[in-house]
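Listed after this line are the structures, all set down as structure tokens.
There are two complexes below, and they share chain A, which is joined by chain B in the first and by chain C in the second.
Moving on to the complex of A and B:
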């Protein structure tokens, strides 16, 4: 799987010449990513007749651009109206929306764009350099290691619960209970589905996401308008100066972009691990190693950088197992695989020898797509930030209409629209009683995959719980997990002692 | 209930509509087909269905639109298809008869086979096999059984209700060896589990394993004959090695339709049956299937009777192994 410089230069040249496929891919990916419920894989499936008819390289360039742009634009509604465009952007809401409330919507968008583009760019270049190593990494991180990695994400519940531990933990436990709805992970026996066919596959993420964040936020806006308690609105006229300010904020945290991007890359390499695991783990780690952990949750730029860079690092990682061993790393790469196989391309190590223009080309195209995004995205921040100036009586019906349609679009069940409304009420009650909706969401998102990997590990250990400590990598991760739980407590106590 | 009143006007309207109705009947299909796939996107079922519809859509003059409803070992897709799709012969299901009939037997879903759904065009026979990673210490299937008599071996499988899982349980029962099934929710993660060494061996349909030559090695086949001998390094059949009488265990993808659609629209069903059979003569389909990773040797047409017999046999087999395959003891 070695690659020489001349071939690499040729691949870059070829990828730039495919701008006519990349630019529409970016535009479509951005549009789709903004709307909750419209996932890149569904969009690619709708467009399959087009991509199957295209030249294979152009089709790949288009799909990759769409995929990367989609991961990027999920943060736009997360920052502006507290509605993540995808589950991967849910962690971005925590600080992104706070920045908007603090009158820094444009800066937050710029920070998120820079983190996304730089995170994606760095990790796709890293894949080109480290492909043989990364291909093996996907086989080294197994179920036991995944249990610990997901626990990193779950500890974020405790972090969010810091202000009111009891409520935070209740929220997280409630989310975990909801996450247990659906068929069991071993025998596929339905449980807690109340006979609803729509719940057999577990709680659908999109309606839950839409309900907890979008509908509840719309209800809060309505309430504040009716009662006249609305908080002062953000700046009325976004300025270019704010874009520059956002760039400065991102540049100040360049190192964070790099290492959280790599968290995304490593998690993306593991087949089946979603972008939301990466973004929650990155957020938790970013807070852990920060000198100002108390600022997280108050509109702190690193709280936007970490999930966004990790989220886009996943895009590079997820294609590694797809290309290197012919096993899709996620649902979007599964659709890409169909297009490649339809064109007679056999994925796996031989592809790197026989058709390097495709095998390496994928990652070069990704790098080029991110380079195009630098130019296309930044100006968008100024115009996108104007959303916060839209009056409540206009934006609320828009949010409800678009997101309820989004809830339907993912699986095409009317049930999901009702479910979004139910979760909207749950989210509203949670907000009004100071329960953190993100805690509930983390439980719903991470609970089922935690259960899957835990039960799988225990079956592998044939019932012996010590299997969870049977691998050196897992043991290192366990130690890091203990450190990440103990360190903030120790640090807070030390600060309290210093203060007294 | 009141009987509809027949007047001159309604009679005239009816007569006038007759040629239109006849034209509409003759014009089947008038619109695209909608296909429910009870597994996820990007899997073997989707690839095979799309390869097949390349040829079929040419004969029918209409396209196929796919919807994916995975979950509960296929139960979601089947229940949704039977209960919520119009039985008009425009709505089809593309399923994997083996695992999905096991699901039917074990989970007792809200539909009846073959009263509600009928398989009518089997596309392939994909024999179940036992496989290991290339550098595994197990060189032959006998090594696996010998080791499994000493300690319980971990076996990666796509899902517990699956013909390949039944195969390894039956082998354990026949030889006194012990196997512990670990479900990985799909063929791809199952292969990764074996490649990474997370499990000792794996069981899956053999076609996918042949695409991983060099990384995975087939040790034995649960069938009376190994039709992919050339692609599996002449792996023996399990029954030949151990003298067991394990039935042929294979996955078998097939098109299915509402049984009510067959009763209501026999002409439409006839057209679907006839055209589907013709697709197997189309070189384009065979080439597309091969490009999608489906070995040509595994492509074998089976009509409605063959499919029904196979599905009922699988239900019987699942009931025999209910205790090991289900949480309901």
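Moving on to the complex of A and C:
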């Protein structure tokens, strides 16, 4: 799987020549990513007739550009109106929307774009250098290790609950219980489905996301219409200066972009681990190692950088097992696999010897797609930030109507629209009574996969709980988990002692 | 009255816990016959949830006993805003119910126009522009171009017949 510089230069040249496929892919990915409910895999499935008819390299370039741009643009509604375009952008709402409320919408968008592009660029270049090692990593990290990695994400519930631990934990536990809806992982018997067939696959994430964030936020915004206390404000200064300000904020936290991008890369390599695990884990770790953890949640730029860099690091990671061992790292890479197999390409280790232009080309194309995005997205921040100036009487009906439509689009059930509305009311009540909706969402997102990996581990260990401590990597992760839970408590106590 | 302590209504803080406890009880009831693998995770989390809710109930109970809080159920907020919220929710329910009958474009246009009117939009060009252009964009982008199977009505069928669109009939 070694790659020489001449081949690499040739691959870069070839990828740049595919700009005509990459640019439309980016445009479509950005558009689809903004709309909650429209996933890159669904878009690629719809576009299969187009990609199957294209030359294989052009089709790959188009799909990869769409995939990467989609991961980037989910943060736009998350930052501007507190509505994550995808589950991977949910953690971005925590600080991104606060920045908008503080009058820094454009800076937040620039910070998010720079973190996404830089995170994606760094990790795709890292994959080119470390591909043999990363390919093995996907095999080493198994169910037992995944249980601990997901627990890292779940500890974010406690972090978010810092202001009122009891309410935060109740929200998280409620989310975890809701995540247990649907047929069980072993015998496929329905649990707590209220008799709805639509819930047999579990609680659909898109309507929950839309309800908890979008509809609840729209209902809160109505207060502004009546009282006139509109929170988000139009930028005060000339707008390019705000872009430069955002670039400065991102540059100040460059190291944050690098290491949280690698969190995304490693989690992306694990087949089945989604971008949302990476973004929640990265946010939690970023706060843990920060010198100013108390600023997280108040509109702190690293709170935007960490989930966005990790979210885009996942895009590189998820393609590693797909190309190296022929196991799709996620649903989008599974669709890409279909296109490649249709074109007669056999994925796996031999691909790197027989067709390096495809095997390594994927990661070079990803790097090139991110380079194209650098030029395309900064002007976007300037114009997208204008959304905050739209009057409440227009934006609220638009949010509710379009997100309810988005709730339908994922599975094409009217039931999901009603479900989004139910979760909208739950989200509104939660916001009004100081329960963190992100805590509930983390439970709903991570609950089912936690159960899946836990049961898989227990079955491997024949019911013995000690199987969770049976691997050296898992044991190291357990130690890190204990440190990440204990360290903030110890630090808070030390600060309190210093203050007294 | 000066000197009299204002008791903060805390009953609303129990809405989410009550929902959570209700759902947990329902979950326990649905899994009672299942094998341990199918219910272990939910039962452990549910038990933790019940303990947490009991602690919250105790905390609120103590506040009520001390006279610091009441069990009032208000969510706060301006009464006019609350009326608008309820009206908008009712409008959204009507939108979902009307979708299969009117189709996506007409239902969406009506929903947007009514929603904007309800919230006080009186600038006719904006009101008409947003409530007509948005459904047309949804139709062109999501129904015609991407092919999402939204409920079709007279508009979608008429346009499909007029333009000879195969996927949107």
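Just so we're on the same page, the second predicted complex is superposed on the first by the 488 of 500 C-alpha atoms of A that agree within 3 Å, B and C clash if a C-alpha of one lies under 4 Å from a C-alpha of the other, contacts with A are read in each partner's own complex, and residues count from 1 in each chain.
What we mean here is this: a residue touches a chain if its C-beta (ideal position, glycine included) is under 8 Å from a C-beta of that chain, and two chains touch if they have at least 3 such contacts.
Keep in mind that this is a model prediction, so the values were computed, not measured.
Shared-chain residue A:412: touches chain B and chain C both. Applying the stated contact rule after C-alpha superposition, one finds that A:129 touches neither chain B nor chain C.
After overlaying the two complexes on the shared chain, residue contacts for A:334 are found with chain B alone; chain C is out of touch.
In the superposition on chain A, A:325 contacts chain B only, with no contact to chain C. Judged by the touch definition given at the top, the superposed model places A:422 against neither chain B nor chain C.
Of the two partner chains placed around the shared chain by superposition, chain B and chain C are both touched by A:187.
Between chain B and chain C, the partner in contact with more residues of chain A is C.
Of the two partner chains placed by the overlay, only chain B lies in contact with A:200; chain C stays clear of it. Of the two partner chains placed by the overlay, neither chain B nor chain C lies in contact with A:489. Shared contact residues of chain A with chain B and chain C: 184-187, 189-190, 412, 459.
Residue ranges on chain B touching chain A, taken from their complex, read 40-43, 46-47, 50, 63, 66-67, 69-73, 75-76, 79-80, 83, 103, 106-107, 152, 154, 159-161, 180-185, 188-189, 191-193, 195-199, 211-212, 214-215, 288, 291-293, 325-328. Here chain A touches chain B in the complex through residues 41, 45, 49, 138-140, 142-143, 182-190, 197, 200-202, 271-272, 321, 325-328, 331, 333-335, 337-338, 341-344, 346, 348-349, 411-412, 452, 456, 459-460, 462, going by the rule given at the top. Per the touch definition, chain C reaches chain A in the complex via residues 12-13, 15-17, 19-20, 23-24, 26-27, 30-31, 34-35, 37-42, 45-46, 48-49, 52-53, 55-56, 59, 75-78, 80-81, 84-85, 88-89, 92-93, 95-96, 99-100, 104, 108, 111-112, 115-116, 118-121, 126, 130, 134, 138, 142, 146-151. Residue ranges of chain A in contact with chain C, taken from their complex: 38, 43, 46, 166-167, 169-171, 173-174, 176-178, 180, 184-187, 189-194, 218-219, 222-223, 225-227, 391-394, 396-398, 400-402, 404-405, 408-409, 412, 414, 417-418, 421, 424-426, 428-430, 432-435, 447, 450-451, 454-455, 458-459.
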